[in-house]
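Some notes on the structure that comes next.
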């Protein structure tokens, strides 16, 4: 299978300049174009809105570290069985955390992953927002405050889970294929397989 | 309870001009400010991204009528038990459809609502994207094409379900309260209650 | 769709006198005949038993107010996705509570509705009986007693949830259509829709 | 544990005459008083309505045999994890069917029980009404008609499942204990246990 | 239906001697050959491994009584809707416990069965391992220690639930039929059915 | 966290000779001792039975390739959220398939993985046995035969899913930690992470 989406992929040089620039900047930084950029560019206005939302939550300063934000992405995307998001953001999490094992642990079962109690509480809340947000209540807020989270941190956890609720569903709608590069990024030096 | 969100609501005159203008335009049109605008303005960048995404999907031309798009919003928001979205978009659906009964039917159980077969297939797909998007497959696409849906229509259904996956989770995170005005909009003339 | 049930609707003047009298009395009081009476009259003995059960729980004196009893009906019927019961009893709840917003709140997500702690505990229990009665235990009873509920109140909550477990399933079996009148009853004066 | 209900059990001679007569008649026929009669008599009006409903569905003539009706009771009560109903109606099913194995098979997994295709379709529908009645649709009716079921038979299947939706919840609310006699009724002659 | 499995049943005299000896020993003890032995003998190596595992957990000394171990088998097998295991091990539980009612209670709903608090905690844990083992945590271990369970007892509960996770799935794969003898074993003397 | 199990790990030289030999042979082949061997050796008889069962299903000849058998392990272990099994057998699958991407695809969502129709049908069945084996029916067998599967192949699929139902629950009970080596095995040469 060499298609990356169920929907058409636009030619780069047919894209509006702002989108093309963003894609070229990513290419320069990563060495390849993550498929999410090409696939979402099928709808330029939605592309702009999605990445604006993404940047507003993932790239801003705040009480949650960038590593912690990626943990939320990986944990909730795994519950939604989203290929693209688990594999691409798993790579980003490995790189941000400078830790090659954590992403797979969080994806399979964050309840048994190598996390601090604060991170565990953060993922409990993120997964609750992802799966049964209508049950969010004051006790959830109190538990997070008990780990030193501010009101803004709590918004961030919930908003990242909410944004990837959208992103996971779009990627599953498209059957968006992760780039092969992501699978190995941040894993360190490979060992030899058994003979 | 007279709070409209678990998070702070900014003063209108403290908001960036573009956000303030948008809110004033809505006020002029609707006669009141829907709470979603005030609550989301707590985070201006997320406000801009969210409403840009919303407009890109709900206000553009396309194969789905505006009424049909609101049906998707109401059906998926009801599955997510989202007060704000069911009640506010229920009002919009009643007004768009010029039909006072449909929104409540779709919210309680779209399977028994007064829908055409095409609308029913549209909601089957929207709810699937909302609840188990990882199972979306080629047969789903074929079923929608059988009702005359184009590839762009299918994207739109899935994307609206995905956007409200985000929106419902944010509203539930905030415990966002619908304005009282929404409950009665588009219902026609009230009958007398029984003695 | 102008049918009100998947099953035959008897002619009024072909009904046994006691059933006909009950229907006429309801007509006189409400100004219309709620469809549940006509549809259930297809089976006179079941009609008699159902309304006898209904009256024994909904019309008797007791520690739960009539408004509270209707809350249980609406909350559990919404979980069962029952058109007739949510819409008809939503109307009754609005009228009993003299409050136009509560019924829709309880139907979409009672966890975020404008309720007292006692009412919230009452609905937690009613929904538990509706959805997983086999897990009812002594701690549930203790929680309700902590809100001043007596043993008879607890029976009433559970029994109303149980009766509407029956009623919701029958209405869904019939695809029982709510009368148009219910949608607007108890909502007060309608506002103008946006231009 | 020798209590039979979480709620008070009235003294027989304190009961209204009609209820007492019914209980005495059952005693004469069965040789013991099934606990459901004593426990429900705590609320005479509900007792009368429940058994009137029960008789209207279980004791009337119709296209479903009495054995088949008990199959529906056992299959749906097992899904609801109701002690009283599975064990008491399991006994009645063994006796009605003159078959000592069927009730346990239906309770554990009707999908693998010794049933005719017609009975299997009947239980598929009864369990659907018990578990997700809001999804009942025209295809379900067509499937049952394909097994020779009339409209009245379909009502009966659904109505029995609905009545035991009530009954199972009440029995679970009460923690209603089945009489010891039921466990062995209709099982034939016991074999010797292994040494 | 007189087949006992969807897969072939080997002739006894075609079996390897060790398997044949085991089956003959069971026959001598029980008076009949439980179908599980014949059906699993279709795969001799799997037969040997399964029964070795079974004996290692069910027949060894330890803090859990043999009755308690059978309770775990019956409770978890009922959740998995396994005919063979519920009915065969229900018989063994009745015999081990010298109590004719307990097995049916545990199968229908262990939460309302006649159990000690220790047994109830044991089944809470066994069922958790059966249904959502990835959520097992330190608090579960602490709860069991509070009932005097050792680390080895906790392993045993989890391991029995895990072994029957396998066994239930194999029996359901085979549609393995319980021998008629099991249904009545350990039930004591039958009463007369009602006239 | 440097513990590999919630339960004690025996010293290698305290183990029975047969178990020690097996562990040494694995060590010689893989270059390290997979933690599952050390953790299960806490119970020598269960160790012997488990690995005998494992070898009987994973190492024998048959219609399913060794790669296909590992696909079943990974797909079902992912549904059970088992760290050890997904990560260790993911490595084995990469090596067996000589394909570095497949294991992660199968773990996140086999429905969108790079599979042949036969492999997809195989995993549909394996996951059904893992999650709702009581619904296995003749139509499932027919679907697999349509892909050229024999009766023995079908047993193998189901039996592997059943064995890892056990294995996943044991690993989750132990909180069994995968060896760090597994994460990178079979992934080929790592690319450079983005700057």
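A few comments on the model shown:
A, B, C, D, E and F are the chain letters, set down in written order, and residue numbers restart from 1 in every chain.
We adopt the following convention: contacts are C-beta pairs under 8 Å (C-beta built on N, C-alpha and C of every residue); 3 or more make two chains touch, one makes a residue touch a chain.
What you see is a predicted model, and the numbers here were worked out from it, not measured in a lab.
The fewest steps needed to get from chain A to chain D, moving only between touching chains, is 2.
Looking at chain D and chain E, the chains that touch each of them are C, F. Relative to chain D, the most remote chain by averaged C-alpha coordinates is A. Interface residue usage between chain A and chain B, two copies of one sequence, is largely shared: over half of the residue numbers at the contact are used by both copies. Set against the C-alpha centre of chain C, every other chain centre is closer than that of F.
With B-D and C-D as the two chain pairs, more C-beta contacts join C-D. If you average the Cα atoms of chain B and of chain E, the two centres end up 51 Å apart.
The distance from the centre of chain D to the centre of chain F, each centre being the mean of the chain's C-alpha atoms, comes to 44 Å. Among all residues of chain A, those that touch two or more other chains are 81-82, 109, 111-112, 134, 172, 175.
Chain pairs that touch one another are A-B, A-C, A-E, A-F, B-C, B-D, B-F, C-D, C-E, D-E, D-F, E-F. Within the complex, the chain C residues that touch chain A are 109, 111-112. Those residues of chain E that touch chain A in the complex are listed here as 134-135, 137. Contact residues of chain D toward chain E in the complex are 1, 29-31, 78, 81-83, 86-87, 95, 100-101, 104-105, 107-109, 111-112, 114, 172, 175, 180-181, 183-195.
Of all residues in chain F, only 6-8, 42-43, 45-46, 48-50, 52-53, 55-57, 60, 80-82, 129-130, 133-134, 136, 141, 151, 155, 158-159, 161-163, 165-170, 172-173, 175 touch chain E in the complex they form.
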